[in-house]
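Got a structure for you, questions after.
Note that the chains are named A, B, C and D in the order they appear, and that numbering of residues resets to 1 at the start of each chain.
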Amino acid sequence: MNLYEYQGKELFRKYGVPTPQGFVAYKPEDIVNVEGEVVVKAQVLTGGRGKSGGVKFASSVEEARQKAREILAMEIKGHKVHAVLVEEKLKIEKEYYLSILIDRSTRAPLIMASPEGGVEIESVPDEKIYKYSVNPEIGVQPFVGRILSKKMGFSGDLAKQFTKILINLYRLFREYDAELVEINPLVLSEGKLIAADSKVVIDTDSLYRHPDLEENAEEKTPLELEANKAGYAFVELDGNIGVIANGAGLTMATLDTLLLYGLKPRNFLDLGGTDSVDITKNAFRYVLKANPQAILVNIFGGVTKCDTVAQGIIAAKDEFKIDLPIVVRLSGVHEEEGRKMLADAGIHAFADMRHAIEKLKSIMEGSQ
Amino acid sequence: MSVIVDENTRIIVQGITGHQGSFHSGEMIKFGAKVVAGVTPGKGGMKVHDVPVYDTVEEAMVHEPDATMIAVPARFVKDAAFEAMYHGIRVVYILTEKVPLHDALEIVTYARSHGYVVIGPNGPGITVPGKTKIGIMPNHIFRKGTVAVASRSGTLTYEIVNALTLNGYGQSVVIGLGGDRITGLNFVDVLELFEKDDDTEAIVLVGEIGGTAEEEAAEYIKKNVSKPVVAYIAGRSAPPGKRMGHAGAIITRGKGTAESKIKAFNEAGVPVAEFPWEIPQVLEKVYK
Amino acid sequence: MNLYEYQGKELFRKYGVPTPQGFVAYKPEDIVNVEGEVVVKAQVLTGGRGKSGGVKFASSVEEARQKAREILAMEIKGHKVHAVLVEEKLKIEKEYYLSILIDRSTRAPLIMASPEGGVEIESVPDEKIYKYSVNPEIGVQPFVGRILSKKMGFSGDLAKQFTKILINLYRLFREYDAELVEINPLVLSEGKLIAADSKVVIDTDSLYRHPDLEENAEEKTPLELEANKAGYAFVELDGNIGVIANGAGLTMATLDTLLLYGLKPRNFLDLGGTDSVDITKNAFRYVLKANPQAILVNIFGGVTKCDTVAQGIIAAKDEFKIDLPIVVRLSGVHEEEGRKMLADAGIHAFADMRHAIEKLKSIMEGSQ
Amino acid sequence: MSVIVDENTRIIVQGITGHQGSFHSGEMIKFGAKVVAGVTPGKGGMKVHDVPVYDTVEEAMVHEPDATMIAVPARFVKDAAFEAMYHGIRVVYILTEKVPLHDALEIVTYARSHGYVVIGPNGPGITVPGKTKIGIMPNHIFRKGTVAVASRSGTLTYEIVNALTLNGYGQSVVIGLGGDRITGLNFVDVLELFEKDDDTEAIVLVGEIGGTAEEEAAEYIKKNVSKPVVAYIAGRSAPPGKRMGHAGAIITRGKGTAESKIKAFNEAGVPVAEFPWEIPQVLEKVYK
């Protein structure tokens, strides 16, 4: 889960990572005090807000409110701005980059630091990005700060500041179950290193132990949210074939196969590893809300039994009065019973994926 | 010889009295696995499928287990895994999904630096047809043979194993590595085992988009694997993940996509099937 | 460093280990509110206060003040009582024992728990003390609580309470650099496990990172404190031979040898591994304050050079006008120069320990 | 063959620009030790006794060190030790005294479970006469020979080594284990090495009151040591420590005193000298 910049900075302050002075405003009237020049920044979970006009400067309460009003009315890359962050404008001498994330390949946290911050880090050449693979059993001791300081060109007091920021950021990373913590830019301003922006991604599976973090809804569509709350892994796509499958890998392979056959999926829906009539039945509820032109069910029954799935499909067809074409592939435990039940209810059912998709293809071609 | 576990492996099930633990213990026993004990705190003294249940792993150690299946809720997985490793249980299979990332990191770090094997989290386990099974793969799809399968998926594994069996290719071992970002075993780890395993003559890898495990596998195969390997990659159609943003992209630098993985495999001489059901035909070309 | 019971209990509360309600009183007037029956307990860094009358009960402010007055006037095993702890009197159903300490032999923390608490744990038979060696890389996870709960006879909610106390106590142990944390008794009172007493020993070498803990002076004599502050490892003993040596092992061996020769050391003083005239000279200051009848200096010069030591001895003899017998053993780097300097100043100096001590013996026998 | 280090051991000194680091580096070089680099943050580019100084261990790794002497203030020891081990330096000698107990515990735990050797904290180091020295033992007391010495003390070690040398007993190796409660090596660890070492024919142990390391050594000697062993125990006259109170007493249960240690050694056939200067005579009786 992505945190907003201001949420990330709250965590930074909690862990002793310096941030600019500032406050959040949800409406222009929340701005009641402005000292010197300030920056008003859109709070959205997407990059590139600067180029989109989501960052403006002001020198008085009135001006800041005006800028906030403009920004709060914006939509940036499809994201509505729901708040602004009003912060002191820093005197920037130099911009650096610092992040910590989980490297799947080494199965260890990776620190990346660069003296070329303030730009998209992908545009920085590899030799200017200093990487340090953290041994999780050793953690980030001060020597890691010294190694990276040397490469970053920090010495004396700046090396000490950088080391402290790094150690604190790593504590935050571990204690808040982060997938990523990123400071870009880390700004040198009047002799101090300050986190001028924040990007923090928290592992959703660990949210139960961070009650202070509320789940941000912004990253999902309303239908995705609804289906997720009902327990389905569900993602909207832009095609017209509703898909219900079991297992993330098989569901992905189903979408891949549809595309290779020239068919476009409307959604990704993974039933999971359960064996319940109702779970199968209710999956149709969300797929139908996405208004597909046909539905493909692809089940390989292991834990899930094919007769249970068949019952669920039949119940859905009745309850939701589905008159779209439904093509079903049922294989695995109790497959024959399942296919027979479906045939009796007038639903095409195949034993293998290939024939099911070929049938769907011919239906869709017929319907065009 | 077999990979990681065999017919003598003595298995306990942590969380045996739960819905999943109980059902799959039964299936494992039917498959021929030696399930010697179960552990559920507070349920000591019960029996599940005639298997004695204990409150703690310490008590279950009288049965001299060398493997465990962990089927407890996600927030208790770390505790259960360390309980098993503290008592020296060598193979730790974690069924559970949604295990916090940093918990998985701690478990896998400790395991790897102390010689424990972790399978999962969030995978279907390991099956050695004719010998044993730890996990949740459906019993009926297997046939004893010479093809080793390693997969990051669950159901898609069954799909492919089933296709292999129907086409006459039995399996020496099938390992589900787990779908999470941090898993105990990667492709490279199991390729090393498959290459050494006398019972294995050919290898099937079932990959997914995300991470660079397939690209690393391709590199490893080029240098170290003499046995024929074929692959399938799921997720060609998926839009690139945005969550890790630019920093995530730096680690992978263009890797991680289906195209990158397919290209890497092809360069390593590993044919990649376009459809899951094509695996047996693709295999036939390199393994006769 | 030993903490007082009330200091240990403050740490317990900070870490979520339940304690009785209570407060500290340094004088009777600090007691202003008493609800129900209370216990008034002497705060001293020694055991056995119960038997010495250092624990009394009261039911009103007046009575509690009276008891506090009596206890504050006491001296328990040579320790003046400097405060009392006034606490609610618990209804005790059962008393348990729980501690964590560092086991030098396994180089790991060891948990000890017993269902027979409230007595000196040494009097409990070994088979009633359940031990668990903590793997420091794994720490105390909940399963450790389950293992010990089972042995202690806790189930259900009590097992949960015990596990929580154990996990929290281990966190305290690690984070406060404890050598020992002990709860004896851990009391079962109205369904709750409560730490009725505390014994916490903090590693003195780590005190710099625990600024909230002040060093307790009570465990040392005034002269020991003074010498320690000046940088000497110094312990008063009850003999009459002042001892100055270098290195803890050699100093101990010197004391052992004196005793085997029938001579009694007045002190332990370890010069440490420095090479400074002043450090040698000033060591005499503290030894002289202990009023010995003779002084033995035993130096094996490695880092410390013998001529430096000789200069220090001569400077001390001049400055402090010492007319006690001084016997010196000087061996190692620059030993001949050192012995010659001492001989010139009229001080006996030997190349080996044995002859030095034999000389001292003959002096002491002559002086009797 | 020699114990832990030899004439080829390449040594760095962490804290080389400090008073202790600088002085003892010089003495080590005079003894013939290969001191290849020093590390002091902020002092990179300097030279000490012609040895180049770096800001980080990472930079000093160009000299391919396999041992380090840590001579930094107590509160920086943990950082320095992990810096060395992160970079794979196999032997870590810690000179510093007053290292926090839990820091020592973390260092020693990591080292032992990952194959590193920690010597100290708070000991004089290791000397292999004629080959190398890491630490602060005075150069002039040694003579090459066949007696291995392990000691929990500093100066008392010199006293005894000096007595050995004066009486014609040269040393194969002298190790100061360190005086702290948690040290990287115990008597049992070094006895195992001494027993295997071809250059060692007899063994001297210098113990102290406190802990049970001597009692464990005696047990180990009974079962595993064929070479003659003699011992000295310091602290016969010390009053029993009170700090750990009753709980401490439970661990040791009557062990830990000088009497207990002497009794244990005697039962293991290890003569114990009454005075430090008696060691050569006691040794003569068992090693001719």
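The rule we apply is simple: a contact is a pair of C-beta atoms (placed from the backbone, for glycine too) under 8 Å apart; a residue touches a chain by one contact, two chains touch by 3 or more.
Values in this document were obtained by computation on a predicted structure and should not be read as measured data.
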**Q.** Higher-contact pair (C-beta pairs counted), B-C versus A-B
**A.** A-B
Q) What whole-number Å value describes the gap between the mean CA coordinates of subunit B and subunit C? A) 54
Q: Calculate how many whole Å lie between the centre of subunit A and the centre of subunit B, each centre taken as the average of the chain's C-alpha atoms.
A: 26
Q: Go ahead and note the Å separation of the Cα centroids belonging to subunit B and subunit D.
A: 46
Q: Let me have the rounded angstrom distance from the C-alpha centre of subunit A over to the C-alpha centre of subunit C, please.
A: 55
**Q.** subunit B: positions in contact with at least two other chains
**A.** 110, 113
Q) When you check subunit A against every other chain, which residues touch at least two of them? A) 137
Q: Indicate which of the five shapes (line, ring, star, complete, other) describes how the chains touch one another.
A: other
Q) Between which chains is there touch? A) A-B, A-D, B-C, B-D, C-D
**Q.** subunit D - residues contacting subunit C, complex
**A.** 23, 74-75, 98-103, 105-106, 108-110, 112-113, 124, 136-138, 140-141, 151-159, 162, 179, 181-182, 186, 206, 208-213, 216, 232, 234-238, 243-251, 253, 274-277
Q. Tell me, which parts of subunit C touch subunit D in their complex?
A. 2, 47, 99, 101-105, 107-110, 112, 120-122, 126, 129, 136-137, 174, 177, 179-180, 182, 199, 201, 203, 205-206, 208-209, 245-250, 252-253, 255-260, 265, 273, 300-303, 331-333, 352-354
Q | subunit A-touching residues of subunit D, taken from the complex the two chains share | A | 41-42, 44, 55-59, 76, 78-80, 82-83, 85-86, 110
Q. Can you list the subunit B residues touching subunit D in their complex?
A. 113-114
Q) Any idea which subunit C residues touch subunit B in the complex? A) 135, 137-138, 141-143, 146-147, 150, 155-156
